[in-house]
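Both complexes below contain chain A, partnered by chain B and then by chain C.
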Partner chain A sequence: MSRASRGPRLWPALSLPGTVWLIAFFAVPFYAVAAIAFGLTDPLFRSPIPVWNPLQWQFDHLLGALQRSLSGDLRPVFVRTFVYVGAALALCIAIGYPVAYYVARLAGRRRGLLLALILAPWWINYLTRMLAWVNLLQPDGYVNRVLQSTPFVSQPVDWLGGNPYTVVVALAYGYLPFFIVPLFATLDRIDGRLLEASRDLGIGTVGTFWHVTLPLSRQGLLTASAITLLPMFGDYYTNTLVSGSPSTTMVGNQIEFYLLQTQQKGIGAALVLILSALLMVLMAYYLVQTQRASREAA
Partner chain B sequence: MVMHPREPRPYDRRRFLRHSLYLSMGAVGAPSLLAACGSDDTSSAGTELPLARRDDPVTLPVHDDVPSIEDGLQPESGTLKVFNYADYIAPGVIKAFSQDYGVQVEVTTFNSMDEAVAKLRTGQSDFDVFFPTPSVLAQIVFGKLLQPLNHSYLPNLGNAWEMLQDPFYDQGSLYTVPYTVYTTGIGYRADEVDTIPANGYDLFWDEQYAGQTHILDDGREAIGMSMLREGMEDMNTEDPDTVRAAGERLQELVDAVQVKIDISGYTEVPEGRATVHQCWSGDMISAQYYLPSGDSPDVLGYWYPTDSPGVVGNDTMAVIAGAEHPVLAHHFLNYVLDEQNALRNFEWVGYQPALQKFSPRYLSSEGYVPANLETAVVTADQYNEGHQLLQLSPDGSALWDEVWATVKSG
Partner chain C sequence: MSAGRRRRPWALATFTWLYVAWSLVPVLIAVQFSFNDGRSRTTWQGASFRWYWGDPFASVANDPSLRLALTNSLTLGLFTLLVATPLGTALALGLTRWRGRASRASNSLMLLPLATPEIVLGSALFIVFSELYTVVPLGRSAQLIGHVTFSMSYVVVIVRARLLSIGSEYETAARDLGASRTQALRTVLLPLLAPAVFAAAMIVFAASMDDFVVSSFLSTDASSVTVPIKLYSGVRTSPTPALNALATLLLLGSVLSAVLAWLVLRRLRRDQTDQLAQLGVTDV
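== the complex of A and B ==
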């Protein structure tokens, strides 16, 4: 068989493992969630009965959850989730971009070491890291001890008593490595000659960053944001650990509540679908931007 | 759904690895969803469950195709399979039973009663002994998941409180024997709370403990507490106005005292992270073991109403239908009901066996409970007069869940 005739079959075949993976671990579970959201409830055991045939789906759970999300008790939860995630992303950008930039462009021989240090938190279980923060932020924890040693703070700050700033900082801390790594990869690939050309043309350091580096790293910034945002929106454990107060409840907490603590699992599944739909809008924006960038590069 | 005192604690360091597994799977509630997708070989259509109440006891049906074992059989050899909450039976008791009977005992754990029932319903499990709560009893009996008990193997049932030898949720103890009992009250720091108000539940609304006030992450318990504060007595009401009003009063706590919601009182009170915490009595008895080194148990306190009934609860033991070791399972139930074995179990679990011998004074004098926590020991009278959180109708259950979701949404 010639290379020319083998090519058309071989290359698509390489996508087979990925396709199977996607079907098995995304499409099927997602359909199962939909089958439960639009399904029935067992009259005896009160557990959900998934309905696999879309023609028999019932939309009571979804409509109820939508109504509550738009104008009921879940509306502030969704608004709060977007605010917290947005603030945490802003914090990731503020901290992560300079770090990624430094490691990619300025760290020289130390970049390997710095990259390893950035990735070091991933060696430790996420919850272990969060529990460490819980200890640090307790009323008699080190953070309060340091603050109280200054003349500005006399009483311990209640960081863990439903403080939204704590939740935002904890989210940013938890997902910051996810943000830095893809951004680092993009910044690392920027052709240094473009930056030299910019400077040769008389544009200063700030101008070169603004007109060359930032536009060229936009795709990495989008990727890093997408990778960070998606898990943040569904996160429920960070909030539970560092707050536990109803005043900071996020959508993930409500989903966890309905799926694990009630027999109204259909509502939980409906909330999963609503959140997924919102995230798909963000993902669609990301994909459009990616395609546009690819066309421009071509 | 009523949460159980042994359901996993979000802050529990012993269990966080298990939770992290769920988290890493990236699927919130995946276990429940997957369980829901499992096959179901139990018939459940067209059955209306009886809702057991203290003033409306229930005799559960005996199915012809799920008989009890005959009298006088020898216990089987092999491995007895026990299905229970994590950390809810003492390893010492398991080991002693293994040695006494020359068998192996394998304990498999579950996280919630929903999860346990879902697993049993698959019909693919081979457990012998199960620890159901009264709130799911009707479901699993109608679903033919339990077998009737043969009392000739259970002489130690006579050690149990009399009312639990013939409980309202299972008249005649056809399917269950009592395991533990508990009350729901207030665990507090005795070194910080000077006085308990006349209505003890007012402690939760006391702004001097703002930021240090916690309620249970259990809608039935929390909303029920709000009702008790107002002097209401029907903890199983399905009246929407009553439940919603109680929920609204709970919402006041968010702004008034920045209330936190969790089920970790057994660590948070001894560690000083909570001053006032709605607690199960067994948790406060366990709390003495979580005190920082050098701290006296005197810093702990437990309040349960003395002038009016509070919330009480109990757990049971049962034998699974189709168990491979039904005779051995009966012997196991009887073994746990033995006073010495029950005491050994209590010492490790912290939850009190419902046996006549174990009065507050006895457990205190024997050193199992600090004198200042005698209030956390349940008396038969307290159990008899208390309010128990029981199964609701589907609509009632949905109502309570909705109100609790609103409270939790802040």
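== the complex of A and C ==
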């Protein structure tokens, strides 16, 4: 009797602590962001006053942030973020695709070793990897020393003083390991007999790549791009570490600035909402594409 | 099988090895400089352990701020592991066996942290602790809560994958032999889950030690500085290889937890196969 009455309740009971935790420390914090973004500002101390009742929400912060993002001083920041992230993603594809393709399909007996080496950066702290590059790119670092030993460069290059190329390459360097692995998984699953059939039918290695391999790896490319784009859009630490200059500021830097270094938390919270909305559009596109792909496969 | 098709793709191979070198050699150089005898992070002046413990003021062992960062990271990782692993395991068990609308809602809530960018989660936690949960001060306790929040989902995903591969047969068998649900859970299911739970715990520890954004948003002063925060603030200002030594120790921590997870996983899996083989079960 006790078994029957206690049984069905055991599983919800086990789920309860974790669910309560997620409501308290994941769902409520997002509501708090809205309460600050749609809240008021103390007229005397300029500190934020959260408004918890949605019926009394004010849209001053959000409209202000939107106006500044679309036509004001934050517009260059948003444009720069899109340009940097787009360029870094292009680099990820240009470098990551050939590497993933080689390891998945052509590496032969070196495959295990290469896979381990490609996974190794996952276990190395992101900031350690950036620290390594900051050391190399110092005015007297190895990179400048090698460059100065060539006849083309006489003065050390200022890599770390607000150079946009350094920021883009650093972003690509930071997120490439996370790009390569999902792409590898997709390329690895492609049935080798399809490629053989295509070559036997006479369209050659290059034709096979364009007409068979690339379309079959589309979903992997999408997943890899989603996995790298989400963190790249919110990244502020890479930028601070390799540049630190206002001339390369991205959206993440502005969020960090307004939330942690000023009293204007309302603007910071509104920027978080704008960034989240942007990323949700990206995620929605990804999910729709994934669903379409799995429907086509079925 | 023409010769052209079998030709080794030298260009691609070279490109791949160059990428591997590009991605790993800088880190190896940074590790090398942690053993530099001089003060420079760019000029090699001979090997020593000066920046680990030799230097009486600026080494990791003797500089109080570096030592604090290291202990903070280790304690935070350990406590996160101790809270997130049981919470996540219980949630995985519950969500796998419990059906219904509430279960589906809870499942979606569990998956969301995996798709939330760190800066969004960090900002949200920072705002909630400074505006609503003011009983919990920003600092180490808020950091612990934040770390548990983003790492619990890892535990659920890992443990649930194992649960689904185990199936419900062993549990049903135990119940048929007269065990209560709780007994079946304790004596059959949990031992079978142990390797996955342990691996999840190690991943939680590594993820917590690795985290920078959430820790940084929830840190107020020097008392809650972790190793990644120290690396972040020191990269452009701190002039000595002690920072490289700190980074090397962090790397060692991640590698150790990965190896430990792998070893125990292998060991437990073998023991389990032995035990089941004695019972006449050959296939788990």
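Just so we're on the same page, the second predicted complex is superposed on the first by the 258 of 298 C-alpha atoms of A that agree within 3 Å, B and C clash if a C-alpha of one lies under 4 Å from a C-alpha of the other, contacts with A are read in each partner's own complex, and residues count from 1 in each chain.
Simple rule for what comes next: a residue touches a chain if its C-beta (ideal position, glycine included) is under 8 Å from a C-beta of that chain, and two chains touch if they have at least 3 such contacts.
Only a predicted model underlies this, so the values are computations on that prediction, with no experimental measurement involved.
Once chain A of one complex is fitted onto chain A of the other, the partner contacts of A:L63 are absent, as it touches neither chain B nor chain C. Shared-chain residue A:S47: touches chain B; no touch with chain C. Of the two partner chains placed around the shared chain by superposition, chain B is the only one that A:D73 touches, whereas chain C remains out of contact.
In the superposition on chain A, no contact is made by A:L214 with either chain B or chain C.
Within the superposed three-chain model, A:A90 lies out of touch with both chain B and chain C [touch as defined at top].
Shared-chain residue A:P246: touches chain B; no touch with chain C. Of the two partner chains placed by the overlay, chain B and chain C both lie in contact with A:V33.
After overlaying the two complexes on the shared chain, residue contacts for A:R199 are found with chain C alone; chain B is out of touch. Between chain B and chain C, it is C that contacts the larger number of residues in chain A. Of the two partner chains placed around the shared chain by superposition, chain B and chain C are both touched by A:Q138.
Across the two superposed structures, the residue set of chain A contacted by chain B and also by chain C is 29, 32-33, 35-36, 48, 50, 125-128, 131, 134, 138, 140, 160, 231, 234, 236-237, 240-241, 244, 252, 255-256, 259-260, 265, 268-269, 272.
On the side of chain C, the complex with chain A involves touching residues 4-5, 9, 12-13, 15-16, 19-20, 22-24, 26-27, 29-30, 33, 41-43, 87-88, 90-91, 93-95, 97-98, 102-103, 106, 109-110, 112-113, 115, 117-121, 123-128, 131-132, 145-146, 148-149, 152, 156, 180-182, 185, 206, 209-210, 212-213, 217, 227-228, 231-232, 235-236, 243-244, 247, 250-251, 254-255, 258.
Looking at the complex, you find that chain B touches chain A at residues 1, 3, 10-11, 13, 16-17, 19-20, 23-24, 26-30, 32-37, 40, 42, 44-49, 112, 114, 117-118, 121, 139, 142-143, 211-212, 214, 217-219, 251, 254-255, 258-262, 272-273, 394, 397-398, 401, 404-410. Chain A contributes residues 29, 32-33, 35-36, 41-50, 73-74, 76-77, 80, 125-128, 131, 134, 138-140, 158, 160-162, 231, 234, 236-237, 240-241, 243-249, 252-265, 268-269, 272 to its touches with chain B in the complex. By the touch criterion stated above, chain A contacts chain C in their complex at residues 2-3, 6-7, 10-19, 21-23, 25-30, 32-33, 35-36, 48, 50, 95, 98-99, 101-103, 106-107, 114, 117-118, 120-121, 123-136, 138, 140-142, 160, 173, 176-177, 199, 205, 230-231, 233-237, 240-241, 244, 252, 255-256, 259-260, 265, 268-269, 272, 275-276, 279, 283.
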